Amino acid sequence: MTITVHYFASLKETLGRSDDELSITDAITVRQVWQLANPEMPLPPNLLAAVNMEYVELDFLVADDDKVAFFPPVTGG
Amino acid sequence: MTITVHYFASLKETLGRSDDELSITDAITVRQVWQLANPEMPLPPNLLAAVNMEYVELDFLVADDDKVAFFPPVTGG
Amino acid sequence: MAVKIVEAAFDPWQVLPAHQQSVSALAGKFGATSVFVGTLRDFNEGDEVHGMHLEHYPGMTENQLEKIIANAQQQWRLLEVLVVHRVGAILPNEPIVLVAVWSSHRGDAFDASRFIMEALKSQAPFWKKEYLLAGGERWVLNNTDGYQAAG
Amino acid sequence: MAVKIVEAAFDPWQVLPAHQQSVSALAGKFGATSVFVGTLRDFNEGDEVHGMHLEHYPGMTENQLEKIIANAQQQWRLLEVLVVHRVGAILPNEPIVLVAVWSSHRGDAFDASRFIMEALKSQAPFWKKEYLLAGGERWVLNNTDGYQAAG
């Protein structure tokens, strides 16, 4: 199955890219999506994650075609 | 000494007048000002009183030239 | 700070930016503006209302409002406060009161605007008389508590 | 309810009355309007700021704001809610966010506007980068708690 990953703000700058596309065979968690996309980098502290534009915990299981997003604490308003 | 008394809102309508002027010889309290000006009418419940545009308790002593005001609960805003 | 008692209808969305513009010390310094506007509804306590008369105690009203603002300024860090209040004959949909607070931070602005509004409701010498569509008039007897989602 | 994400500077004191006018169900029914405007200051954490870039997550931003408003509507009796938020390049003195709540009663309006503002600050996917007058740029790391007179 195919998973799209988006990065925002300082995380996007740190990684030097805004998107990834992953092809996976088994269901995996959001944490595993990060590890697969960024094997060289441990999970940043305070990392926030969303799947299909809803906040999720890192042990949330992703499904085919899901859009996963990772970003730092929000600072709007 | 001379005391001016002002009435506002429903109290003014009930009394049928907006002002009184009292001539008194001894220092009296705001409560006594009411009784002197309105001997026929007991103090209304929830009556508010001000002397020279500051809220006072009913046992506040008035002085010469003071402006005393009596009014019902306020309802602005 | 500014306190204005006005006899004619006023537009809070014109008065407010004009005031903000006139206070040069605000430019670049305020991060938070908290505003409350009270407007006359066409109903109250189950009755249709077609107008209101707002009486006040000239002089004491201004004194009390200035005291309330000074009290707020002692409790919170505020850059500017504006209070505008109508008196006289008021029609439904017309604003009755505007409270605006400018501060660096939103916590101060929120807290102070609410404090000023509640203090105004309980201490400023204004009295409302409603004119009912069904005929007749009545004095509003009491302001309700703004912390219990009423009034 | 209305949620607007805007890329150009907006004037809250024009947007707000225009919106109020456009919602015909409000006429005569609202007694309380509680408004918050967040504005870019020319300083932050001791440094002079000459601009900001506001990034967001298109789609998720609108979703989250609509959820926050729906949540407020379940807790309080509200007649209308408007949220406008800037994205992109912002200059000092320009509004960043407008939250406006219309209700019959002031308690609901005050409570809901503050709730929406705090929820927006902690849940809506916006990120601020500041440009410093002394040179350089930095991401704002965290929003502060609005209940402790900060942020």
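In this document, chain identifiers A, B, C and D correspond to the written order of the chains, with residue numbering beginning at 1 in each.
Quick note on the criterion: a contact is a pair of C-beta atoms (placed from the backbone, for glycine too) under 8 Å apart; a residue touches a chain by one contact, two chains touch by 3 or more.
Here the structure is a predicted model, which is why all the values come from computation and not from measurement.
Q: Along the graph of touching chains, what's the shortest path length in steps from subunit A to subunit D?
A: The distance in steps between these two chains is 1.
Q: Which one of the chains is farthest from subunit D, going by Cα centres?
A: The chain farthest from subunit D, judged by C-alpha centres, is B.
Q: With chain centres defined as C-alpha means, what is the inter-centre distance between subunit B and subunit C in Å?
A: It comes to 27 Å between the two C-alpha centres.
Q: Rounded to the nearest whole Å, what is the centre-to-centre distance of subunit A and subunit B, using the mean of the C-alpha atoms as each centre?
A: 72
Q: So, what's the distance in Å between the C-alpha centres of subunit D and subunit C?
A: Subunit C and subunit D have C-alpha centres separated by 22 Å.
Q: On a C-alpha centroid basis, what's the spacing between subunit A and subunit C, in Å?
A: 48
Q: Using the touch definition from the top, which residues of subunit B touch two or more other chains?
A: 77
Q: Would you give the residues of subunit C that are in contact with at least 2 other chains, written as numbers and ranges?
A: 38, 117
Q: When you check every pair of chains, which ones turn out to touch?
A: A-D, B-C, C-D
Q: Spell out the residues on subunit C that touch subunit B in their complex, using ranges where they run on.
A: Residue positions touching the partner: 38, 54-57, 59-60, 63-64, 85, 96-97, 117, 120-129, 139-143.
Q: Please name which positions on subunit B make contact with subunit C in the complex.
A: Going by the criterion above, the answer is residues 6, 8-10, 50, 53-55, 69, 71-77.
Q: Where on subunit C is subunit D touching in the complex?
A: Going through subunit C, the ones touching subunit D are 11, 13-14, 16-17, 27-43, 76-77, 92-93, 104-111, 114, 117, 144-151.
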